[in-house]
Amino acid sequence: MTLTQTCTIPAPRERLWDFLMDVPRVSKCLPGVERVEPAGENTYQGLFRVRLGPISIGLTGNVTIEEQSREGWRATLRADATDRKLGGGMRARARMTLDPAGEGATTLTVETDLTVLGKIGEFGQPIIRKKADALLQEFAQNIRNALTA
Amino acid sequence: MSRVEAQPVLSIRLRVNGKDQAVRIPSYRTLLDCLRSDLGLTGSKEGCGVGVCGACTVLVDGKMISSCLYLAVMADGAEITTVEGLAADGRLHPVQQAFVDHGGFQCGICTPGQVVAAKALLDANPSPSEADIKDWMMGNLCRCTGYYQIIESIKHAAATSAAAGKPAAGGAAGRP
Amino acid sequence: MDFKVIGKPLGRVEGPEKVSGAARYAADQLPPGVIWGKAHRSPLPHARIVRIDTSKARAVPGVLAVLTAADLPDVLVGRVMFDMPVLARDRVRFIGEKVAVVAAEDPDVAEEAAALIEVEYEDLPALFDPIEAIREGAFRIHEDPASYANAPKEHRPSPNLQSVLRHKMGDPAKSFAQADHLFEHTFRTPRGHQGYLEPTASTVAVDADGMVHVWASNKMPFRLRDLLAHTLKLPADRIQVHLTPIGGDFGGKGSLMDTPLCYHLARATGRPVKMAMSYTEELMAGNPRHASVITIRSGVTRDGRLLARTARAIFDGGAYAAFKPVPHVNLIGANMVQGPYRIPNVAVESLCAYTNQVPCGHMRSPGDPQMIWAEEAHMDMVAGALGLDPAEFRRRNLLQEGDHLVDGHHVESVQALETLEAALTAADWAKPKPRPTVGRGLAMSLRHDGMGMCNARVTLEADGTVTLLTVTPDTGTGSHTIFAQIVAETLGVPASAVNVRVGDTRSFVTDSGTGGSRVTHVAGLAAQEAATQVRRQILDEAAAMLEANPDDLELREGRVVPRGGGPRRPSLADVASAAQRQGKAIDAAVRKEIGHYPPQFSFCAQVAEVEVDRETGQVRVLRVVTAHDVGTILNPIGFHGQINGGVIQGLGFGTMEELRLEEGRVTTLSLGDFKMPNILDIPALTTVLMEKPVGPGPFKAKSIGESSNVPLGAAIANAVADACGARITEAPITAEKVFFALQQKG
Amino acid sequence: MIPFEYRTPRTLDQALAHLREFGEDARPLAGGTALVLMMRQRLIRPACLVNIRGVAGLDRIEHANGTVEIGACATHRDVETSALVRARLPVLADTYHHVGTIRIRNVATVGGGLAHADPNQDAPVTLLALGARVRVRGPQGERQVALDDFFTDYYQTSLAAGELVAGVSVPVLGPRTGAAFLKFLPRTADDYGTVTAAASVTLDAAGERCEAARIALGCVGTTPVRAAAAEDLLRGQRLTDDLLRAAGDAANGGLDPIGDHRGSAAYKREMAAVFLGRAVRAAWARARASAADTR
């Protein structure tokens, strides 16, 4: 499934860019991220917890910056994680584009291709889509807060 | 998987088709698997495994339930009736006989659940209308018959039971 | 001709076992020491397997074996075309494909361990739309399908095609030019599961002498044995397939499924192994009916005569062609593009495409429901455009005696018109409808009897009873009961005097098994011929006893009776023991082989009466009329059972059944989401039978199993259009589709 | 499924103690129809199941000063067939009759259904329209939660860790009041609704105008929802087609359904409007009848 989030952040592109490329920092904006540490060139290892009602999902895996072009103000992050207990996992590729939005503001567009695998995937795609949407909205909100603080 | 290593085994008592049974089972055993694997009563079938199709229908203390969604431990001390318990002294239950005589089954896989449910219906409502039959049997899927001959079979079973003056057991009405 | 046993409403010979729970299906087999197998399945639609780590699974207490493709012979399998691995070797091609398998003491432990297997994948581009898949330059799902064993030789315009089937009659292109009007419409149908309530199960035990015993929900035991021999690299005579009752088939129970894995696990553990698919696994990785996109083009004259028709059907075959059992590895139903109509110029092209989705197989009258859904809706749309009553338009174009179908068959004993008129009369077609919200729709189809090879052995026992030995599994249709009636009728004994003994793969050399409207026809004739030979032997033996001419004797109520009457009327027991005294057995085995479809087709016309709630789009099917021209009815209970069940499967196909997929993943993974009709959903049903003893089967019977499920979907679509003007071209007809169609109309 | 500890308390306090003992990993078990299913699907794996079916009195259905008190362990079938409920709250008996099949209703409990918090369930919609309150028992004793505040998200409630649903209190209908529940089942008779709607309408003394209304919708969001805007529209009005259409549209706007096999989000929104209108009409007719009786 593809999820698109757009939000305007009261910060110049440069500042937002540097923030976004600092994966450990930016990932703290995603609710449920419990741990992120470097694991090699442009790669980070971490733990992400999310609750779907009674079901608690604990995803461990990697986040990799696949593409970053400061010139084009584009970057692509790839996340690959699995939950051994449940048997399943998720893959996400997030394409971020930064566009100027007037004086010192930037429009951040995050387009995410999300694939939910195995047992977790069987639970129900519509609900997962809803949940993912909600998370991404909070994610964007938290980035705004972090940068306006 | 330490949790699997820890297999805590529980002892339960069931009265199945009038026979007392003591069974030792892992906590997670469903009543259906307990009947089929531990007691060798394979009449009750697993169809959908999610409580929709009715192939695993059994009676617990006279009430029909989906044994695929019912933990065996929950039935500890209960009276269980399965399809194997319907025939009495070598004679088929009127419901079973009617299913044979009127084409109430074809492949037979849903039939144990159908006849147990139909028996429960006639226990609760000895002379059901067609609407009563449909309302009660709605939870028992059949892919072969299209249901028409199941309805016919149950009507005949009700008629023959009535003719035989079989007193209807107690229980709630067929529909509210 | 008046019969004693044929045509009587006899209960099933296996009835008591089935209603008492004594019948043991494949999943009910509990050989001593049996353990449980569970598969680990691919979560990805298309990927290369980089690494498989089974250590965590092996570490689970109670786990006895874990196998991957590396532990298995490197063979591909299939019912005809061998393109599918037993376990994915280097590559997975659909979500749900088996990658590894676990055996454990307890089914829950096996499932737990299977989930602990870790597989590293490298994604490959996945194709979900058959039309995309066969586009020039699309990523190859299989490197070279033509190279697979038993792959059809027809040229593949695309490497992502499993097979191409073409039929042509006359010159459609030329006659399109002469037509007054041309019409073209496109229709779609979804994947659908056969819906049998017995999930596929397999149990395999290897005995001390190395004999491999197989119990499987499989309707073709000999084919299963031979496929297993190939798959397991064993001589066929080391494999013994035991017949079990089958909990519904509807086309879906003819493949190896988990039997090879059960064998390999049994070898690895020295224990009997059972694998029973959960219904989730059935819906994710069974062998569902093909989804289709069908475009039909017709050329007609001003006065409503069909001159020409062409059609292109694209069937979504999924990741493997392995589940299709016919040599052309396509769907016979492609010929239904012509419907029951006389069309001098017809061409059809049927493409089965590879996609990265659950591989598809056969479902009850394979291809017919899809093609008739399109063809019969197309007929109404054309009739509408010509301003003709749909029934009248059909009347003008029905097949006539001796006409040809596009696949070359010619049709005899044609009663298309009689069948149509019978349905119209019973449905009050000419009468006004009760309410403006009510509509009526009509659809027709035709069906042939099946072919193949079946066995029967009839023996007169010393006690005068008769034994019929069969290896044709009864998938629920009542075939064994019918065999008993055929034998009883032939030998002049009550059906109760005939014991049906179900053999195994050692009982005969080979046998086609069940399916394709074969059984009553071919296996029924085998039983009839065997019984006839036994009858002859009985009469000869009795003639010797009575010093009479066998032709002066006949069989009645279990006795040999001189036609002219006479004091001595030996019972069959007397005859049997007399023969025994001379060391003779009264016994005959017949292998009946029929290599072509007989020309006697049977027709089906159905009328659906529906009510549409315009505010919600909800469609209620109030009433269905199903009319059939039939041969001799051997057993009315079973006969009506076939029609009733088929009608309700047609209702499901037309109104609710849909195996939904999203990015290759089946999202309807339980019978809570994949809905089939229940007892409250069924409409009032009127069945009209025109019995005419002209069938090719025993006592002039015709097949009935694959007729009534075919036209109803289109009949409902036509009724909905009649009720509210909404034309739904994509099955199933949901309230939502009708609602938005009505909104568009405004 | 994987092994778990199993407890069979006889009192609520014992039950709460067991829940405390295992914390997060413990789950109360009543009918188990939802719980066992999720365990079989391996979506949840509790370390301990606390079977509260043996807790004395937890399955009672009784009438006390204007409310029907239903114990957490009363089964759906108990409520459906209860003479008391059918006499005082027929709409509730009718609602529970619509749930699943008799096999499920024989086992699934009222409390379990509430705690399960599936927005596609039938009963919460009617209970919401009737202004029911959930009786919650926890370490600190009993608290009551209006159903409006009980459901927080898909499968989530405001139950705190270690708390249990002890029962639900449903006020009986006042004078000149009628209630109705409708479940839209376009596919098959055994399914979750595409939408569900319940309404309770109170008429003025003349039995002409709507004095107050409570309307709830199901299957149209992450929880059952009140249609407050529609309720406001009805107040003080006479019943007309336009009014019902307006009420439906008012509700429709505020909805954010999850599209699924039972209908797309867009279709569910449209149907919510239709069935809201139909439910109000049915409730209104019953309110009229009751107004006529009282006069």
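We just call them A, B, C and D in the order they show up, numbering each chain from 1.
In the analysis below, a residue touches a chain if its C-beta (ideal position, glycine included) is under 8 Å from a C-beta of that chain, and two chains touch if they have at least 3 such contacts.
Note that this is a predicted model, so its numbers are computed, not measured.
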{"item": "Which of B-D and A-D has more C-beta pairs touching across its chains", "value": "B-D"}
{"item": "Distance between chain centroids, defined by C-alpha means - subunit B, subunit D (Å)", "value": "29"}
{"item": "Separation of subunit A from subunit D, taking each centre as the mean of its C-alpha atoms, in whole Å", "value": "36"}
{"item": "Centre-of-Cα separation between subunit B and subunit A, whole angstrom", "value": "50"}
{"item": "Chain centre separation in whole Å, for subunit D relative to subunit C (CA means)", "value": "44"}
{"item": "For subunit A, residues that touch 2 or more chains besides their own", "value": "87, 119, 122, 124"}
{"item": "Per-residue overlap in subunit D, given as positions that touch at least 2 other chains", "value": "1-2, 41-42, 45, 189-190"}
{"item": "Numbers and ranges of subunit B residues touching at least 2 other chains", "value": "1, 4, 7, 26, 28, 49-50, 52, 138-139"}
{"item": "Chain pairs in mutual contact under the definition given at the outset", "value": "A-C, A-D, B-C, B-D, C-D"}
{"item": "Residues of subunit D defined as touching subunit C within the complex", "value": "1-2, 41-42, 184, 186-192, 194, 261, 263-264, 267, 270-271, 274"}
{"item": "Partner subunit B, residues of subunit D touching it in the complex", "value": "1-6, 29, 32-33, 36-37, 39-40, 45, 47, 49, 51, 53, 77, 80-81, 86, 93-94, 97, 100-104, 106-107, 189-190"}
{"item": "Subunit B residues within the subunit D interface of the complex", "value": "1, 3-4, 6-8, 10, 26-28, 30, 49-52, 54, 57, 63-66, 68-71, 73-74, 117, 136, 138-139, 172-173, 175-176"}
{"item": "Complex contacts: residues of subunit A adjacent to subunit C", "value": "1, 84, 87-89, 115, 117-119, 121-122, 124-125"}
{"item": "List of subunit C residues in touch with subunit A within their complex", "value": "43-44, 56, 115-116, 280, 662-663, 665, 667, 669"}
